[in-house]
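Labels for the chains are A, B, C, D and E, by order of writing; each one numbers its residues from 1.
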Amino acid sequence: MSVGIEHFLTVGALLFCLGLAIALSKRNAIGVLMGVELMLNAVNLTLITFSRFAVSERPITGQAFAVFIITVAAAEAAVALALAVSVYRNRETVDVDQLNLLRS
Amino acid sequence: MDGFGVTVAFWILAAVTLVAGGGVMVSRNLLHAVLFLILSFIGVAGFFVLLSAEFIAMAQVIIYVGAITVLILFAVLLTPRASRDNSETVWALPGMLLAVCLAAIFLFVVHDTQWKTVTDAPLLTTQDLGHALLGTWVLPFEIASVLLTAALVGAIMLTRSAEEEAEDALA
Amino acid sequence: MLFLEAAPASAPTIDEAILWAIMLCPLVAWGLIAIYVRKIPVAAGYLAILGVGAACVLSYVTLFNVMDADGGIAIHSHEWFSAGDLVVNLGVRVDGLTAVMLVVVTTVAFLVQVYSTGYMQGDAGYGRYFAHMCLFTVSMLGLVLADNLFQMFIFWELVGLCSYLLIGFWFHKPSAAAAAKKAFIVTRIGDLGLLAALLLVWTRAGTFDVTAIQEWATSGEPEGYIVTLFALGLFAGAAGKSAQFPLHVWLPDAMEGPTPVSALIHAATMVAAGVYLVARFFPVFEASHDAAQFVAWIGAITALVAATIALVQTDVKRVLAYSTISQLGYMMLALGTFGYVAAIFHLFTHAFFKALLFLGSGSVNHATNTFDMRQMGGLKKYMPVTYWTFIIGSLSLAGIFPLAGFWSKDEILLDAWRHDRALWAIGLSVAFMTAFYMFRAIFLTFHGEYKGGQPVDHHDEDSHFHGDPAHPHESPWAMKGPLIVLSVPAIAAGWLAYDHLFKDFIEAALPHAESHGSTFEIGIAISSSVVAVAGIGAAWAVYMKRWVTSESIRATFAPFAIIFENKYYLDRIYEDLFVRTIFHRGWNALLQANDRYVVDGIVNGSGRLAREASSRLRVIQTGQVQSYGLGIVAGVIIIAVAVITANPL
Amino acid sequence: MELSLLVFLPAAAAGVILLLPRSMEQHSRWVALGVSVAMLALSIQMFFAFDLNKDGYQYVVDKKWVEIGQFELRYILGVDGLSMPLLLLTTCLTVVSVLVSFSITLRPRAYFASLLILASSVVGVFVALDFMLFFLFWELELFPMYLLISVWGSGRKEYSAMKFVLYTIAGSAFMLIGILVLAFAGDTFDIRLLSAEGRIADPLIPLGWVFFFLFVGFAVKLPIVPLHTWLPDAHGDAPTAVSVMLAGVLLKMGGYGLIRMCVTMMPDVAQDWDVWFAAIGAISVLYGAFLTLRQTDLKRLIAYSSVSHMGLVLLGIGALGNTGLVGATYQMLAHGLVTGLMFVMVGLLYERTHTREIARLGGLARQMPLIASGMVFAGFASLGLPALAGFIGEITVFLGTFQKYEWAVLMSIFGVVLSAGYILWMLQRVVFGPVKHEWDGVTDQRHWWEHTVVIGLVALVVLLGVYPDLMTEMIEPAIDSIVLRIEA
Amino acid sequence: MNSLDVVGPQLAVLVAAGLVLLLDSLVPQQRRLLPVVALLGLIVSALWTTSWVGRGDYQFLFDGTLALDKYSVFFYYVFAGITATVVLASIDWVNREGRGQGEYYALVLTVCSGLMFLAASRDLITIFLALELSSIPQYILAGWGKDSKSSEAGLKYLLLGAIASSLLLYGMALIYGITGTTLLPEIAAAIKADGETYRGLLIVATILLIAGFGFKMAVVPFQMWVPDVYQGAPTPVAAFLSVGSKAAAFAVVIRIFFEGLDADFLSDDWSMIFAVLAAASMTLGNVMAIVQTDIKRMLGYSSVAQAGNFMIGLAAISVAGNEFTLGASAILLFVAAYAFTNLGAFVGVIAISQRIGSDQIKDYAGMWKRSPVLALAVAFCLISLTGIPPTVGFWAKLYIFNAGIRADLVWLVLIGVLNSVVAGYYYLSVARQMFMGDAEEDKKFRASPSITMALGAATIGVIVFGIIPMPLMSAAQDAAEIFAR
């Protein structure tokens, strides 16, 4: 029994969709953020898989991409949390269900 | 990739990663969810090792586990206990259904494809990565640095309290 | 132009300029009155008389000229405008028919203008009146002179306009305004037929020229039904103008206009235009026996219907109006029985004596301020001139030998006799009724005791009546003069029938003159005379001697009387049933509802629909962030599924 | 060069008017009058200098303008026998509408500027020979119209103005597609080239659809039933001058477009469709006439009668023969003058009585004999009395179409009776009848410009009624070339 | 070639951002200078770009990850102009809000540099980074206001943006997996070589890219954030979002799809997707805009509809030969036109709502009497948005419909023109409100000089290019020429 590209991609896809499900279903903004981080991780996993398996002149590309994604994820998380704090100051909650001043 | 060890490692890592991910989903408490998240991140890092991307694995551990989750933990701890609820919204069910559909599509195309792959793992060292980052992708690299600065500045401004701002305005 | 050669070699030698001048004289008068002298009434009157008088003189010049040429035809045509294949000419045509009509129109018009200077004295619209009269004369002359159908149509409509303006002359009277409108619209319904005929003839024959159309119709080239349709179209127009059943309803109402107007337009000239039109295209009717038959029967019915209604009228002018309709029916009857000459001859004589009668009634009105015979009586001693001229006119109309009416009516009855005995019988009964109602009118108006007339309403600022109805008096010379002059032809015009003088002259206008035999038969003459005398006698018995009271006659024939008094309910059917109920409240209201609720409803509704959709769609914008995320993911899935389904891997 | 001047002079004058200081705002009317008279003079000069013996367009200006992708839009102006009379009509009615607006006191600068821009754009529509330039002018006319109706109008003016604009935009939306497809198929926007035989080959969508799209755009303007409901609203609520322009000129843009674009560029389709033209035309004639009979507001009444009369234009076009087309063109001219006169009369009436309710009016012939005479004249002109302009157009359309569609014409001639009905009934209720003392104070003697306008229009209506050759001589050659194209 | 020279325009902007930050902290009493410095940076950037045009030395640098060509130059100008207008329009608001002024301008400038990078990059990694460089500061800016609406808008924008960029990243990862590269020309070559075998995967990847960028472009069904964020975000930021990020998204989408994914077997699919999305966006955006009462929200929906219009150009690819670039040049023209027009509208909204303190359309009644020039300028912008001549919006619509027709997309153009009618209704309703409505108060007012300048620039652009569209058109055609094949 051998493990091929499909296996890794499958894990990546499943993790991605799991992250998506979390992001779409959690009430707490920070929970949503966690889902997004999982999705990004899944993307990284996919990239590294391709970097390992894909026919390419520059296989390092995938790894480089992953580095950038990690960086951006960090920045995004920071801003997200800052915004969450800002919302919390105004509304005393980070519950996205409560964020409905802007609608219809 | 052949070999029993690899196979076992794959399945274990897959199980850890996905189950931990599921844990994030089902945890009612945000703190538990964060812990599951860390576990899942570590699982992914394990995959990176398995795929011979050791530097990325390390970065994953340091940045994700070390920085991001700590940030999240801070945020969780800064908010009162009432906000640590990690329950679902009314949109949970359709959200999950859609995620399942999307997964089905992804899996379908992934398995439908005849992959052309290299048999041997390319020899990629951290040095190669360094050359790539400072060679071909020097521009994104610089952009990333600007991006981090901007995010920092922005995050600081957003989180400053009213008193600080009043102080600032006086200056 | 092609058919110009068809003109006989012995064409009149008259200058074309004279023909145009006949039209131009009153036109210039009209223009001057309209632009300059509206405010100087006296000048307007004299200017109008001058203009029409000049036209009258020129008409006689033309008549003698044509007589010299034995009724030959002269045509002068010029291109007016062209639009693509359509080329419209403007021209004049002179033949016997035209010349007779010219003389009739200008003579009567001249006398009526003179009369009007008296009758209309002091009216606020004195200048306007003469302007309209001039314009009418122009139009009528244009119609008579026209050498093609298009031009005829133009003047035909202008005549209608003038009729409208003159009927509605006292526009502040609601009845006058309504009558004017009614006259125009009803005649326009007839004009539809004329218009259709115009379209048909141009499409099929490619010409408007009278001569060419006559040749086309008789050439046998077009299918019979086309000719019949054309003829019926022409007749529809004629029926409108000449007040033939069932389009006659406007004429009695038209009596709302000033009486001289009634005399000129609604007795002598315009209403005769229909007869003229049919006569002008007589060969077309000859070519289509169906159409001719139709014309004859419509004429007969009109004559009968109008005569019966005239029996029960109480307004002297309306008696005359129905009498006019009845006589026009006679003329049509003659044309339908191919009595071309008889019809024109009757038109000719009728113009004079009917104008005389109308002017006489105007004179009576001038004295009593009313037309209602029930308020008159015994006027004989106050107004002898009016009385005697009225008697002459009535006798002529009744067809008493040897007055003008006798000759012309006799010819018509003769033609009817030869053609269809039923028509003859109707004609004869109408002759009886004519004599009866005319003398009924005379006895009621001039004999017996004076009943006081209509008191003057001094609060009515529009009234220009300046006599005293309580003490009637004879009219001034301006009015008496024309009455006297008109009684001359009313007596003597019939003698032209002697020696076929009139007949030969008129028939020259037809492309192929056919003789219908003798124009006099003693049997017919005697029968009609007997009937006429009987009518007079009956009227004498009822209204003078009162052997039988009119009330008892009415009671005996109650159903008929009611129908006659209600004018066969035609007005009610037209106005209340058709126009008001079916048309205005029904069909039009339906269309308006359609416009408002369906057409505009769709327009506004689509707007409302968009707003509604917009409001409904707002619901999806819940403000909940994850529902937006769901949207994104759902979008991805739907697109993926759609693309893969549409274009399988 | 003259054409450019004619198009841009009023626009420039509008700019000048807008720049006038407030203290001089009452002078804006004199500027507008001066410019419109100058336009009229120029167009009259052009009319008489027009060479009747030459084929094709005259006074052509042709300059490079904008490039879109592979091909270019050009600035081409020119007139032929079809557009020259309409151009003259436009300049003529511009003077009229400036004159009837002389008493405007509400924001005169903006008003006259809008009026002049309107004139500019309408002139542009009639002289543009580049399809996109045509479309531009076509759209440009919206703003001034919108402003004029919604600011200086009455009643539900905003609703009406919006309805007008949306209808037009909807129509021109379709038109734009048609233009683009045609231009793509013919590889040019030049109307002259597009009209040439064999130029439009292999369009993206069937040519029938292109035709339909263009037709919708023009039909809204014409307007035909059932795209007409904007017209009564717009007329009902517009100020007098705008009604004059709207009925007199703007509706003609639809008929002009139909002849110049639809029929000339796609004669084959037109021949498949002409029966629909005839049918819709006949229906419009009758429907408009029937509805006119129900109107209680004078201006709405005239508006519906316009629907009826413009149906005749469509009927004439449906004949696709030279007589019918000349008739349609003539009918446009006549209707422009006659309805313009009608609206002027109603406007004068309204200025004095401040009502357009037919039921409230009556007996005005006593108090205002001149205006009453004008109304009667206009009424008879409108019902197609011979010797007046309307008759020639009407009868020519009937004659031209009868050869081809007898039934349509036989339907339409009922409009003749109906028009007599509504006009005379209106006159009976408004001008005639007993004097109403409510209107005792009113007088028809007021300003010189009112008389000038009325007399001028009356003279023109009579002139066109008795001397049709003045126009037909010019129209005929242009129509002949179109008919040649149809028959080819 | 000095590589610093190549990124000069971006560098100038970023240096200005740094200077603004420094100036703010070192010389806090001279805050009035901050926007001036920012504007100077933008001017320098534009001058630098101009020097490039002068040299005409177009090339690819950084191993082909960055392109300096006519296309990017076009967008450099557009973004510099947009940012300058936004800076001008922000001055009043920033002064009033009182929260870190230097930081605000620095972030705006950072976004600008990100947008510029986005337009110029031809490598997926660079594109991603540039996208984030423009997005993350925008999230912050959207939440910059102190009220809860603003922070709600910021958080919503960020959460959805993160999800969208994750989808985008997954798509990019798949493309990388299929082709083994992230450089667009190489991707194109690889797909043309043996892309057919990966068709399913490529389609999914394409759809994910569309989703990711569609979010930025604000097309259905990725548009739902738009009205909420526009309404909640500070108005200058909303203006920036509506114009800047949309333009950049289209810039990069054109580059990716026309340069990287233009293989025939693929382009048929995505042009059809774009066509359907275009139709949906136009219709939904317009229909939903009808009943809006808040002008910013209305402009949000309208921007969705406008994105649909843009997209006709994307769908119009299926023509071979020279016409290939017609769709691209149409979008470029539309981008420029839309920049003028929508910025003008938003700046007008800023000017008006600052005075009347409301974003409700009904409160715009009688603006014509209170501030005629302002009302006229806004009206012109609204007319241009409707696409009625003589405004630049007309030419943009004409051009894009023309492209659609040429690509045999008559049905789409038909939907487009019909939507113009609906759009006309609600745009003109606002104009009507301003001109015909009765003001509750008729106190006259004037906009501040900076806003007047911004609005003036935008409106003059709208009118001048409406009358003389040729320069803009030829610029767009030039820029799109790089895609000619």
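We take it that a residue touches a chain if its C-beta (ideal position, glycine included) is under 8 Å from a C-beta of that chain, and two chains touch if they have at least 3 such contacts.
Predicted model, so just to flag it, every value in this text is computed and none were measured.
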- line: Contacts shared by chain A with chain E include exactly B, C
- request: Would you pick out the chains that touch chain A and also touch chain B?
  value: C, E
- prompt: For chain A, which other chain has the most distant CA centre?
  reply: C
Message: Relative to chain D, which chain's C-alpha centre is the most remote?
response: B
Query: Any idea how many Å lie between the Cα centroids of chain B and chain E?
result: 30
Message: I'd like the Å distance between the centres of chain C and chain E, where a centre is the mean of that chain's Cα atoms.
response: 77
Query: Just how far, in Å, is the C-alpha centre of chain C from the one of chain A?
result: 96
- request: Averaging only over C-alpha atoms, locate the centres of chain A and chain D and give their separation in whole Å.
  value: 65
- prompt: Tell me, which residues of chain D touch at least two other chains?
  reply: none
- prompt: Which chain A residues touch at least two other chains?
  reply: 9, 16, 19-20, 23-25, 32-33, 42, 49, 53-55, 58-59, 61, 64, 68, 72, 75-76, 79, 82-84, 86, 89, 96-97, 99, 101-103
- request: Please list all residues of chain B that touch 2 or more other chains.
  value: 89, 91, 94-95, 98-99, 102, 105-106, 110, 112, 116, 136-137, 140, 144, 147, 151, 154-155, 158
Statement: Chains touch in the following pairs A-B, A-C, A-E, B-C, B-E, C-D, C-E, D-E
Message: Considering only the defined contacts, which chain C positions touch chain A in the complex?
response: 618-619, 621-626, 629-630, 633
Query: Which residues of chain E touch chain B in their complex?
result: 7, 14, 21, 28, 62-63, 65-66, 98-100, 103, 106-107, 110, 113-114, 117, 121, 123, 125-126, 128-130, 132-133, 136-137, 139-141, 143-144, 151, 154, 194, 197-198, 200-201, 203-204
Touching residues (chain side chain C, partner chain E) in the complex: 607, 610-611, 613-615, 617-618, 620-621, 623, 625, 627-629, 631-636, 638-640, 643-644, 646-647, 649
Field: Footprint of chain A on chain E - complex, ascending
entry: 124-125, 128-129, 132, 136, 139-140, 143, 146-149, 151-156, 158-159, 162-163, 166, 169-170, 172-174, 176-178, 180-182, 227-229, 231-232
Message: Residue numbers of chain A touching chain E in their complex, please.
response: 9, 16, 19-20, 23-24, 29, 32-33, 36, 39-40, 42-43, 46-47, 49-50, 53-59, 61-62, 64-65, 68-69, 72, 75-76, 79-80, 82-84, 86-87, 89-91, 96, 99, 101-103
